[in-house]
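Labels run A, B, C, D, E and F following the written order; every chain starts at residue 1.
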Amino acid sequence: MALLWIPLLSLLASIIASVTGSLNRTVSAWLTAIMPAIALAIAIYYTPAIFSGETLLYSLEWLPAIGISLSFRLDGLALLFVFMILGIGLLVILYARYYLSENDSMAKFYAFLMLFMTAMLGIVLSNNILQLWVFWELTSVSSFLLISFWWHQSSARKGARMALAVTGAGGLALLAGLIMLGNIVGSYDLSVVLQSGDLIKSHALYPVTLVLILLGAFTKSAQFPFHFWLPHAMSAPTPVSAYLHSATMVKAGIFLLARFYPALAGTELWFLIVGLTGLATLLLGAYIALFKHDLKGLLAYSTISHLGLITLLLGLDTQLAAVAAIFHIINHAIFKASLFMAAGIIDHESGTRDMRKLNGLFKFMPYTATLAMVASASMAGVPLLNGFLSKEMFFAETLHQQVLGSMSWLIPVLATLAGVFAVAYSARFIHDVFFNGKPIGLTKMPHEPPRYMRVPVEILVALCIIVGVVPNFVVDGILTSASIAVVGHALPEYNLAIWHGFNLPLLMSFIAVVLGLFVYTQRKHFFQFQASLPSIDAKAWFELWVQTSVKFSSKFINSIENGSLQRYIFLFLLSVLVLAGLPLFDMIQLAGSESLMPISPQNAVGAGLLIAGALATIIWHRVRIVSLISISIVGLMVSVAFTRFSAPDLALTQLIVEVVTVILLMLALFFLPQKTPKESSSPRILRDLAIASSIGVVVGSICYAMLTRPLSSISDFFLANAKTGGGGTNVVNVILVDFRGFDTLGEITVLGIAALGIYKLLANLPLFMPSSDGEGRLWARERHPILLASVSQSLLPLALLVSVYIFLRGHNLPGGGFIAGLVTATAFILQYMAHGSQWVSSRFDANYRKIIASGILIALATGVGSWFFNRPFLTSWFEYFKVPLVGKVELASAIAFDLGVYITVVGSTLMILASLGKLTIATEPKENN
Amino acid sequence: MIFEWFVSVLLLIGGAFILIGSIGLNKMPDFFMRLHGPTKATTLGMAAVLIAAMVYFSFTQNGISVKEILISVFLLITAPISGYMLIKAAIHHKLEAKKGTKGLDNIEDD
Amino acid sequence: MLDLSLLDTVILIVFSMIGIALLLNLWRLIIGPSVPDRILALDTMYINTIALIILYGIQMDTALYFEAALLIAMLGFVSTVAVCKYLLRGDIIE
Amino acid sequence: MGHLVTLPILLPMLGAILLLLPPCGKNVKVRRTVSQVFALFTLVASLILLNYSASNNIEVYAIGNWSAPFGIVLVSDMLSTLLISLTSLLALCCITYASAGDDESGSFFHPLMQFLVMGVNGAFLTGDLFNLFVFFEVLLIASYSLLMHAGDKHKTRSALHYVILNLIGSSIFLIGLGVLYGVLGTLNIADMAVKVSQLTGDDVALAKIGGLLLLIVFGLKAAILPLHLWLPKTYSSALPVVAAMFAIMTKVGVYAMLRVYTIIFGEQAGELAFMAQSWLWPLAILTIAIGAIGVLASEDLRKLTANLVIISVGTLVAAISMHSVMATAAALYYVIHSTLMIAVLFLLADLISVQRGKVSDRLVEGRPVAQPYILGAGFLVAALAVMGMPPMSGFIGKIWLLKASSQINGTYIFWPVYLIASFVVLIALSRAGSYLFWRHSNNEATKEKAAPLKTNVIITLLLCSPLMVIFSGPISDFTLAAAKQLHDVTNHVNTVLAISNHGSK
Amino acid sequence: MEILYAGCVGILVTCGIFLMLRARTFPVVLGLTMMSYAVNLFLFASGRLNSNQATILGQSIQYADPLPQALVLTAIVIGFAMTAFVVILSIRGRADLGNDHVDGIIPNKNKESQRESR
Amino acid sequence: MRLKAKLSWLPTPFRSLLLFVVWLLLNNSISVGHLILATILAILIPLLTFRFREPQPLILKPGLALRHFLLVLYDIVTANVQVAILILGSSKKLRPAFVKVPLDLSHEMPITILASTVSLTPGTVSAEIYPIPESITEDDKEPQKYLLIHVLDLEDEEALIKMIKQRYEAPLKEIFQC
């Protein structure tokens, strides 16, 4: 449980920090620091247990479905990192208090910093590899926030995005690798994974898994060729650099290598990839560091180089390499953190980080200079400082490896070369900044920083010296236990002494120092040579890469999504053709077993008319009025077909819908151009005809196949129960209002919504109202022909009577609410046509919206009514009554339901047409060219 | 038997008039003349068919069937309106009348 | 039962008459030449369809399709009127 | 459970009707209150159903007292209750958000929104294929109108495409239904499953055609390649709050696929077992890819979000076509997360575009937003969530999907495509965030801040993401159980068809 | 008869699709209408073809399948609503966008012919 | 001429009668139930639709109206036979013409009936009613109305005009007393 508290306390610190915005900066720092300090105390409390070889575990069920649990583990390696994270973290809190200016939000900074700390603690304490990944990604996120802290600067924005991109990509690779690892092992539990090294390494997927995980580690640790993001992350405030790029963020990758060392290391592949990557990074970083004029740039490349060194160590196949790696992790963290802080002080007090301007600062800030010089010396590997010790171990281990077979001698040589550059850039850091004449063009007069800003540096430099002088006393315990955690078994003998006698590693150190100083003195020539090389700005490259990707994506997407509906429809139809067409070829015989009906001449005539109508429609599709007349034949013949094939209800519905549709299309014809221009090229027409006829053939074939097969359906039930269960003899109607009344409820809702939508569509619509027809004829003057007006008046009562008739008989004979509604509506539309909408609305000022709502409400209420009889929604009820004189009369809830349908249909249809009519009153006709 | 003959004759008359109406639609030289066939001959043809139906259903089904009259009524009401609107449209479109049509100057600008 | 063989024959003959009439209507609709001609043809087609449906009812000995014929008679002209109104005024609901 | 099952459909329907009638539709204030109250009731009803179904119950409600397969039944299982709860939650948020002013920029916003919810919930609950069509149409017609809310040129243009395509889609739906009825003689999904397993001879091919035609329609609704082309313009031109609600609409298509190709054409379908999956798999992968490219190519935040919808659809369909319990469970978790986060991104885009003035939400330098903290933080949370970065909800779905696919042979391609797509999303969103919040022109920020109601809705939706992480245990348990229940076809069919006193009243 | 029926459906589908692929809203609307005729006939066909078997109980001995008829009825109504909507949307498109092209923009090469058509 | 009926609940008695009959015809029944229903509808529907009715002269001579109606029916039959013959004959011999018939009627309903009758009977189709309302200016009071008809085969214009006025217009004037 206490384990959980370590990250939890730091998370708590983040939350506390975020609310300290209004407080004094010092108070804010103190409040922030309390929680990590407690966490550090907890870690110290557990130290003896860890040193004695214990591993503390704590686990909490979280996501059993996936196999992620909240599971923590404190062993030597974790403890080492916890110390670094919390220790240096606390120092950074103190340092940042003085570093950040009044303009910067302290609260936000600390909140982000503590969030980052939480993420780091989470990584190192995770005992579940997916949980580890979660925290891993959290470091990417929180570091993004920290690097972009000064987002007003373009470099900060770009640097942060680049860091996020690279580490994010690595994170994805890592996730893939970890899931594969989990699959190989059968568990995401780190303890299990660490014990399954042999299983993993012998698995077929080991190479892929390894590469994916290494991708994660290398991107995070800025290993070549992913190193380029790190220097640009230096746009962050220096406390961030001091924290992220010494002890934490970049070390997370190293931690990962160390963590999975028992599970993944020990194969040729590992040594080759890890070793060579480390070596390349080591050399490249050290070399470039020399040429950076920016103080933090120098430190950044130095960091890359040192990370390469550690990686190389982890990639060496010698027994003590891992120990050396761990030792260098500690040492690098200490001296690099202090150096960043020193650089920050210099920047803070002198206003620049450019070494070409910074000269002779020793005079102005001797105390800080001394501290920086010591730390720098440690970085160069000067004896009596901690850097020297681990570097000696490193040199020693390079001599014992056989990674490159017969060419293994290259490694110590190149390591020495890297040492040369390390000495050179360290020398530059000391000489070029603190000596070398006078400062040039500084805006500020440099001086010593505030007292407490120096304290963190002092502590760290002191550690450099203490570790350097009495290593056994300080780091033995932690180094041993961490190393055991990495190597996985008892360590071979080693000795953390300052003096090992005159030996090859010492010689290598000596060469490095001598040659390094030589290189530094001859730096002009090197600088000239370097300047002659083309400079590569990773930031610019990254931006260019993103821009290019965006450009290409846009081009690609625009070429596909070209905004052409015709293309979209074509693709849709092509899908239909393929998916519906292919299975047709699976059929052995298209025709089924049913006997066919003979073709009578009158049917042939009907079909002929239908086909002729359809063809005429497409032949004249550019002369719209003619195509409209032609398509009416089709509608008429469809109704006839419904009559012919025993569907009187359908025939009625189709007929009446046809009339209303024609009216709608007439409206469309008026408000749209009269003719369709010839636009399609001949190949396009051929293509369209080809796909249209192909689909026609497919659908026709399917239809034929279906028609010629016997059908056994659930409909026998409807026939059997319509009268007894639904109270009607028109089975279609009983289905509509009873068996499947729910469909009908939805259907009238659709109609109602359509009417509302149309009303909405017509709001504030500037209509095109041509003053003449397509051939330039002015419209006739007579608005309301007398004959039409008076006949339509006389027809209205008759139509209403017929509606009532059709409505009432619907349950037993062809008819029903829908048809009746359309008849009524059509009669009203006739009034609109004959008299105009003003005339109608002055006589019948109905609110169609309310009519529609009431209609649907009646239908809905009929359905809900059955609840009061403890029946499901829409359960119908009917009863026969004997009325004197009249005889047997049926009352049915279905009639109420159908009434709802009727009202909705009337309301919707009229709303659609009336709202359009109303609109034209307001608009004067205008010429539209 | 008489009933059957009666129905048959009526149907044949009806069919004939309907056909003649449509022949007129095709045969006449101008729109105004074409209009006469459908508005007249067809009306009578329809009436004959409907009476046939009336007689037929009165004999074959229970009770007499007279509702077919209604169709005729509706046609009598609506057919002149269709014709009227059509001829108005034709006049508006200034369709050519057959050469020698008298009284063209009676048509006013609409 | 009545012997309807005569009637059946007559019905077939009348069917063909109406069929020919419909084809003639179609022909007029196709050749036009003017839009009113085409509308007239369609209107006639509608009316002839009434006869077709009634005749079908007689043939099948059922009155179930009567309402379809009634609706055409009552409201079929509405679309003719609409198209004519469009030709005359453009806006059919003004 | 009584009549509760009908409430997620009937409540919004009643709400819509009342909103059109005098007392409730009278003035803005009343309309808003009524609409929100009904949305809340709908949510409560859905949650009660969710809770009830959580104990692995399948509730079958025979409408009109006509039991399956003759009448229409509502089937409330874990899958449908999960989705109606999600819909209702989203609807409540969107309605509340719109009540800050967007609802008055056109007529009938609230009724249409309620009708949309009715349609979506109906589609999720119905056990009848034709009834599914009807509810599809309800939600479509409502969406057509909502799309035109606060209309302008762009909306009209994209609405034309959207409407026409969907009308063609509806035609194909009916043809598919016709074929299926013509072969199987039934419309009830469970009954169809039974009938499909008894097919012989050429009938199998016919049923296959019917099924594949439906697949195209569902694919169009869901927006899978190559039927996705309508989506980016449509969603990005819609009013953001409408687009936010539309986040659920593609899921209806996905849901329909999940239902139909698990139950009707599932493992018991003989020759037709999993017939859709072989088509869906490559298309889903390509959909993810094209969505990722679209995300990168997007010039404004709404377009970007619209492309995120496409990625999410591709991901979901890929998961469906893996036809395993694990993958379905992962997909169900993912669907909650992605719907809510995409919705909130649309809402954020709304506020951002308003506050940035002329440049709107385009990814160019512009005026700073008036509320950088809340919008920036909101964007960050949503962005992290959709990227699949911890600590937001996306990563759980991501891990789960990867894991599920790794357990199925032949799905290796999913990993690189999905991971690269995640990477592209990361690049694009960080670029977008950089433009929207960091790159300022010299103009002053507007003084006008978003209505507190709007920001509250956004915060609520955003909170769902960390909550989904914290409660990922119970949620994932639920989705896993829901997936198991869904894949237990026999149990489903038996439960739906078991009420056997056919026709007794 | 069946082959004639299926052939008609096929031809309606063909014509409908051809029209839907045109560039202007009016022909597209016509295409959608034509397609809905085809679809209704197709859906109707799922109950097979029957003569004189209207599903009015007591009026004949055998009955056609009533269910597809009910489905077609629903489909007709919904189709009508949708057609109405798309018609008005087209009008709105013309008003908003200044032309009746389905994409709202007339490709350059067609500008000339567009002018002619007015 | 009378524009308003005596009974306010039965504003258009003949319309009601028509509805009553039509209902019975539609239902093909004279059962008590239908008689009651027909009565209710015959009263209710005219009341409902009354507002859609422009004031029109009422039929004041029902007997005459019936006689006129039968006459027209007879004319329809004969006219149609004539037209059928004309159609079947040579169309070259036909002498089509537009004829303007001056009207004594001035109300819409009677004019409509006249025009319809003309359309249904001998070789004539009503084409226009002049002047159209839009061309009437303020100061024209009660302008002379004309019925423009198209004649399929015109023998004598004067005779035709006379026939129409006597045979069809005069009875209408009497029926409506206008």
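What we mean here is this: a contact is a pair of C-beta atoms (placed from the backbone, for glycine too) under 8 Å apart; a residue touches a chain by one contact, two chains touch by 3 or more.
Remember, predicted model here, so these are calculated numbers, not experimental data.
Under the contact definition, chain A and chain E share the contacting chains C, D.
Set against one another, D-E and C-E show the most C-beta pairs in contact at D-E. Distance from per-chain Cα centroids to the pooled protein Cα centroid is smallest for D.
Distance from chain A peaks, on a Cα-centroid basis, for F. Put simply, the C-alpha centre of chain A and that of chain B have 70 angstrom between them. For the pair chain B and chain C, the distance between C-alpha centroids works out to 10 Å.
Taking the mean of the C-alpha atoms as each chain's centre, chain B and chain E sit 31 Å apart.
Inter-chain centre distance (chain A to chain C, centres taken as mean C-alpha positions): 62 Å. With touch defined as above, residues shared between interfaces to two or more other chains in chain E number as follows: 20, 25, 38, 40, 42, 45-48, 51-52, 54, 56, 67, 74, 78, 81-82, 85, 89-90, 92, 96, 102-103. Among all residues of chain D, those that touch two or more other chains are 130, 134, 137, 141, 144-145, 148, 151, 160-161, 164, 168, 175, 178-179, 181-182, 187.
In chain B, the residues that reach two or more other chains under the touch definition are 21, 23, 35, 37, 65, 67, 70, 74, 77-81, 84-85, 87-88, 92-93, 110.
Pairs of chains in mutual contact: A-B, A-C, A-D, A-E, A-F, B-C, B-F, C-E, D-E.
Listed in rising order, the residues of chain A touching chain B in the complex are 777, 780-782, 785, 787-788, 791, 794-795, 798. By the touch criterion given at the top, residues 61-68, 130, 133-135, 137-138, 140-141, 144, 148, 151-152, 157, 161, 164-165, 168-169, 171-173, 175-176, 179-180, 182-183, 546, 549-550, 553-554, 556-558, 560-561, 563, 565, 567-569, 571-576, 579-580, 583-584, 586-589, 592, 699, 702, 705-706, 709, 711-715, 717-718, 720-721, 725, 738-743, 746-747, 749-750, 753-754, 756-757, 759-761, 763, 849-850, 852-854, 856-857, 860, 863-864, 866-867, 871-876 of chain A touch chain D in their complex. Against chain A, the residues of chain E that register as touching in their complex are 1-27, 29-30, 33-34, 37-38, 40-42, 44-58, 63-67, 69-70, 72-74, 76-78, 80-85, 87-92, 94-96, 100, 102-103, 105, 107, 110, 113-118.
Contacts from chain E toward chain D in the complex involve residues 20, 25, 28, 32, 35-36, 38-40, 42-43, 45-48, 67-68, 71, 74-75, 78-79, 81-82, 85-86, 89-90, 92-93, 96-97, 102-104. In the complex of the two chains, the chain C residues touching chain A come out as 15-16, 18-19, 22-23, 26, 29-30, 32, 35, 38-39, 42, 45-46, 49, 52-53, 56, 64-65, 67-68, 70-72, 74-76, 78-79, 81-83, 85-94.
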